[in-house]
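Next up: some structures, all given as structure tokens.
Heads up, the next two complexes both have chain A, just with different partners, chain B and then chain C.
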Partner chain A sequence: MANFPIPSTDSSTRWSRPRIARAVKSVAFGLLALVVCVVTVFPIYWMIVTTLRPTSLNLRYPPAVLPSQIDLTAFTQLFAEEAIGRWIFNSTLLALMATAICVGLTILGAYALSLLRWRGRGPFAIFLLMTQMLPEALIIVPIFAIYRSVTERGIPLRESLPGLALIDAAFILPIGIWILKNMFDSVPREVREAALVDGAGPFRVLFQIVLPLTRPGLVAVGVVAFFYAWNEYLFAQTMITRADIKPASVGLASMITMLDTPIERLLAAGLVFAILPVVFYALMQRYIVAGITAGAVKG
Partner chain B sequence: MSVDTTTDSAAMPRPISRRNLLKTTGAVASTLAASSLSKASPTFAAPAVLQGETINLKYMTWFWYEPGRAEAWRYMVEKFHESQNEIRVEEAGWPFNEFTNNIIVQLQAGQIEGDLIQTTPDLVLRLLRAGQLASVQDVIDDLGITTLSQAHDYITIDGQVHGLDVVTVVFGLLYNQAIFDEANITEMPTTVDEWLDVSRRLTDRPNQFGMHSSHVIAEPESYWFQLQEWAMPYDGVWAEGKTPMVTSEPIVNAVKLFKTMYDDCFPQGSNDATATRQWADQQIAQQLIVSALVNVYKSTAPELYPNIRSYSLPWPSKKSIARIHPITVNANGPQVDASKEFVKFLYTPENYRELLTRQLDVIPAYDVGGLEDYFADLPWLTGFQDINQTTPPDIMGDFIFNNQEFGQIVINRVTEVLTTNRPVEEAMADAQAELEGLAGRLEG
Partner chain C sequence: MQVQGMGVTTRAEPLFGSLEFAPRRPNWTAFLPYLLALPIVVYEAVFIVYPIFLGLRSSFYQQPLGGAERWVGFANYGRMLGDAGFWAVMRTTLVYMLAVVVVAVGFGLFAALVLNRQFRGRTFARGLMTVPWAFPDVPTVLIFLWMLNPNFGVMNVFAGFLPWIEQNPTWLLDQRLAFFSVVLVTAWKGFPFYSLVILAALQSVPADLVEAARVDGASPRQAFFAVTLPVISPTLLLLTVLASIYSFKQFTIIWLLTGGGPVGATETIAIRIYNTAFRFYDFSYAGVLGVAGFILALSVALIFLAIQRRQEREVS
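Take a look at the complex of A and B:
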């Protein structure tokens, strides 16, 4: 008669050392994740609470973690006294333009680096990345001089949102090309060759074969460009001085003056400023991860 | 770089032709160039003012962002527009913290875009040295002004003044009368020790703080701006010529006083915005700050305004830093004469008086007269009238051109004193060495 092992019900076996270690690890990981979440989310929570509380309560020490009174004065003052609607509209326009320019040029750049063969392709790709290593502050003066010179010749780049969108797109272009290049690299060569054999030209291959297969990469590039243009401050505040075309990043900063800063109103403006990108990100997040990690594993 | 137009596929029925590519891009480039050149063609015409066209002047200043002051300036601009039809003044510029940087960026890029440029005591010197400022002596001569303040001496070259002060701010001790009354303090301090003692008595942490001065390293401009004044109780200067003086006895004493106040009386860690709110919420009793702050409070905390007072500085010399902010005319701008017309309008006695009172300023740039009633109506004025003025160039020597860089070195070391209890002498010795290095670079 064969002896079949009977599952042990002995608790000492059930709580063996490896199991305990795994449980401890999992609890520790959970705690760590919780701490990271709290550290990340708390400033946003605090921002919301501060905007909703009367100033006198915000200055109490120790501060109350939960708001005991709700006061919407910061928001009513914000919309009554600052051109927040105009700022957000300008930022949206700017971000959309920068995204369109960036995505358009990224497709062509990535195509050239991934699918065409030409001398110097490798060094050029590295050189593109090197442009990312220059801090904005370092090149602000030459860019300003170029923009002024071009504007004086009749092409209005200074004091214009399209001009600013061009700079933003230029800054994000290298990283966008690299993201999309990796995506293009992952499209099987046989698929492209089949299309070429069927008589498709290179642009048809790009737009009808390669791009539909690499949509997550395109979305990732678009999102990265959108966020960059939305948040960019240094170029915006240097190039734009006209109140009617100020983007929100500059508008918010203009609320900070040397002798007075309306904290609650500023935080309320920060919240309004954050709403659109948060919604945008929530809608696009699955593409972003897929797009940015594309090409990480290639068969 | 040669482009091989074949893909990595062997078969390529319709490759991108290099010739076609060059042809297309060449055509696009020529069209763009032609259109831009046609727009850039110079036109030879009489100046706008002679043709009866409206002249638009860009006035670059941070005033447009300052509560209280912005309203005063918009009123004056509107009044100027009503007084004539040829010249319009447009708002331009950035908030104070970004202002100097942006002006320098434009200067380095070849030209400042404003016709009228508001300046600080250090910016005016940099622009003057760069040859950017037109003389406005003719404005003074036309108006017959002979009592222009001596503060203009350092921007006067060969008898030609290159800017006219429109805002003089001076440091003084502002205090909240209600808090003093509650603490039953009726005798104002007359020495530094008494000042320290009163500040301690007024401190009841965490609800009330006897004294505040900017001390957050993340706000270097205001930190350094205010810290400079703390040398005044000991008649200190931060530099003489190219020699830093941060290890001198007066400066070491100044930093020790700052540290003691920080330890015993400051709302530690409050940034400017928070401190402003605390002051408005009656949690801060005193500030060593410029008179311009009063105008901000009148706009943003009107309920506090009636309680604001000032008292004479509690040190024998009564020395205090006065900072002039001259309006200047861009010598390289296209509208020098029209810009001077606006400056002349501002400096006409009637208009200047109105500007001064609307800004709640208390130190006229020339003897304009007729301000007695206005002064009598300012209960917070007394302390600001009892001072001996000194100017930033007097206390910064040749470092006035690199004021913020100098300040950054100092506040880094002072912050070590505040937060790590490093001995003042040791920290200032390090600062001195760094500043001597800075002086070497300036000479180089």
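Take a look at the complex of A and C:
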């Protein structure tokens, strides 16, 4: 490491010309890899550094790149002074409901798409693809009107977490079906046929043969559904205004407009909110990426 | 289990249709797929198709605040087509989509090519990719609002490296810079997923073919264009469509960063619909805008299906 390569005209020495060229190349490549990593994580790094500094250091320009001290008061104050515990609880409840609806229906849909051959299969796949491509903002107005009138008739869908979970599930269902279908496709046909020969019915094949073999796929669907509802902002902030049932995405966004919130506390709240999805997506990455792209390609 | 999806047709065979293994089973299994699909179709019909229908219906009515709705035919459509603001929004939407596709897929490809090489810490670098991908929209906006703060934001430091920048840019208050910032944030959130997908596709590039090309005297660039690119181009095409859908659907990032401003510089159709309905309470006009957005979404979807069909045909 300490010896800097000394250019030499003698090609038989250690630092011959092609060797230097290779060294230059690998340094250049290292720089490129560094650029990719910095672009990817710098914003997150900056968020973390900011949460570890007191306001006095954050409101200083130019900012220091490294944290000079580690100060966790932003986090302790966050839980002491903001309703974040309540918000996280609401988000968890909401996400669990959306996941339950989604996982149940996903199993049915993936079974029909992957393991069965039927006439309506193509149109069903296209129907799912279409709903998957639809922007939430396009139906927010009519769905708001529906929820308002249903609520007036005594079924509280507005200002209710179950009501919100119902829409969230509708939007995540198609992707969930693709992820699980992709897993079902990988179950060898012989395994299913053997069970059929043994006289098992279609539901026994599904629950006792196929599902146990595709458990990671089911977990991936759960993760995607849970965090779609957890992260979702547009429906949540349109349907829910009551403070006691506010999910965390809406609560966090409302902190932006409260000008007296110190920046490190605001970012600490964002970090707390983001940790779970990052951990779970990292664990299930393989299945989710494969499922989403397979869904988009196969149809 | 990787992205073998790219064109490989499914192996599932008729199983309950032919029933050769279980001849005594009653015929209800023929209806099984329909029974399975029914709850899903009903669910999506109630929560997605019916609202679309209601939106379409509302576009033919005029609803004064507190009054009864009145059939007005195509009057709302006439108003939309004659509204310069509508065309500005359409233009912003398309430019935004294009910019996000170019930046996110472009950088995603670059990152994938870099991470595809052998080097120490490669697994770690790939793992980093999941972080922005999994990071929820609202905290993403929080970070960037802070980084783009005109007084204390760290982006000012980076901008300061550019020779022609003399004072801190007013990021989200300047029309051009606001648009640029919104595209950048959206692309930052989008590119890691594209990168992961391209990385998976690069695994199917035959290494010996690249090797052979290199041995035959092709430069790395020539080898890339002759061998690698043709293999991953279906993936890139697919990602282009996915990125257009992703940017077209985008609401939260734009809404919380700029709210569509300044002076409509970042107002896409999604934002405009929301503003029209919930800020100006003009529900019938929001309905027409929704129909326009739906037509745009449908055309992207149809292009997508056409591409998909063609790719399937090429394989079989």
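Worth pointing out:
Following the convention adopted for this analysis, the second predicted complex is superposed on the first by the 229 of 299 C-alpha atoms of A that agree within 3 Å, B and C clash if a C-alpha of one lies under 4 Å from a C-alpha of the other, contacts with A are read in each partner's own complex, and residues count from 1 in each chain.
In this section, contacts are C-beta pairs under 8 Å (C-beta built on N, C-alpha and C of every residue); 3 or more make two chains touch, one makes a residue touch a chain.
What you see is a predicted model; the values in this text were computed from it and never measured.
Taken together through their common chain A, the two structures put chain B and chain C in a clash. Contact with neither chain B nor chain C is seen for A:Val210 once the two complexes are overlaid on the shared chain.
Once chain A of one complex is fitted onto chain A of the other, the partner contacts of A:Trp46 are limited to chain C, with no touch recorded for chain B. Look at A:Tyr61: by the touch rule set out above, it reaches both chain B and chain C.
Within the superposed three-chain model, A:Arg148 lies in touch with chain B and out of touch with chain C [touch as defined at top].
Once chain A of one complex is fitted onto chain A of the other, the partner contacts of A:Ile263 extend to both chain B and chain C. Comparing chain B with chain C, the partner in contact with more residues of chain A is C.
Of the two partner chains, chain B and chain C are each touched by A:Ala253. Contacts of A:Val219 after superposition on the shared chain: neither chain B nor chain C is touched.
Of the two partner chains placed around the shared chain by superposition, chain C is the only one that A:Gln285 touches, whereas chain B remains out of contact. Of the two partner chains placed around the shared chain by superposition, neither chain B nor chain C is touched by A:Ile172. The single stretch of chain B with clashing C-alpha atoms against chain C, selected from 81-89, 99-107, 297-305 or 351-359, is 99-107.
Touching of chain A by both chain B and chain C, each in its own complex, is seen for residues 58-59, 61-62, 115-118, 120, 124, 140-142, 144-145, 189, 192-193, 196-197, 199, 201-202, 238, 253, 256, 263, 266. Against chain A, the residues of chain B that register as touching in their complex are 1-16, 35-40, 60, 62, 65-67, 91-98, 102, 105-106, 108-111, 113, 206-207, 221-222, 272-274, 276-278, 280-281, 283, 292-293, 296, 300.
Taken together, the chain A residues at the contact with chain C in this complex read 29-30, 32-33, 36-37, 39-41, 43-44, 46-47, 50, 58-63, 105, 108-109, 111-112, 114-118, 120-121, 124, 126-131, 133-146, 166-167, 169-171, 173-174, 177, 182, 184-186, 189, 192-193, 196-197, 199, 201-202, 227, 230-231, 233-234, 238, 249, 252-253, 256, 263, 266-267, 269-271, 273-274, 277-278, 280-282, 285-287, 289-290, 292-299. Against chain A, in their complex, chain C makes its touches with residues 1-7, 9-17, 21-22, 25, 29, 32-34, 36-37, 39-41, 43-44, 46-52, 54-55, 58, 107, 110-111, 114-115, 117, 119, 125, 127-147, 151-152, 154, 156-157, 188, 192-193, 196-197, 200, 235, 238, 241-242, 245, 248-249, 251-252, 255-256, 269-271, 273-274, 277-278, 283, 286-287, 290, 293-294, 297-298, 300-301, 304-305, 308, 311. By the touch criterion given at the top, residues 55-56, 58-59, 61-62, 115-120, 124, 140-142, 144-145, 148, 150, 152-155, 189, 192-193, 196-197, 199, 201-202, 205, 237-238, 241-243, 253-254, 256-263, 266 of chain A touch chain B in their complex.
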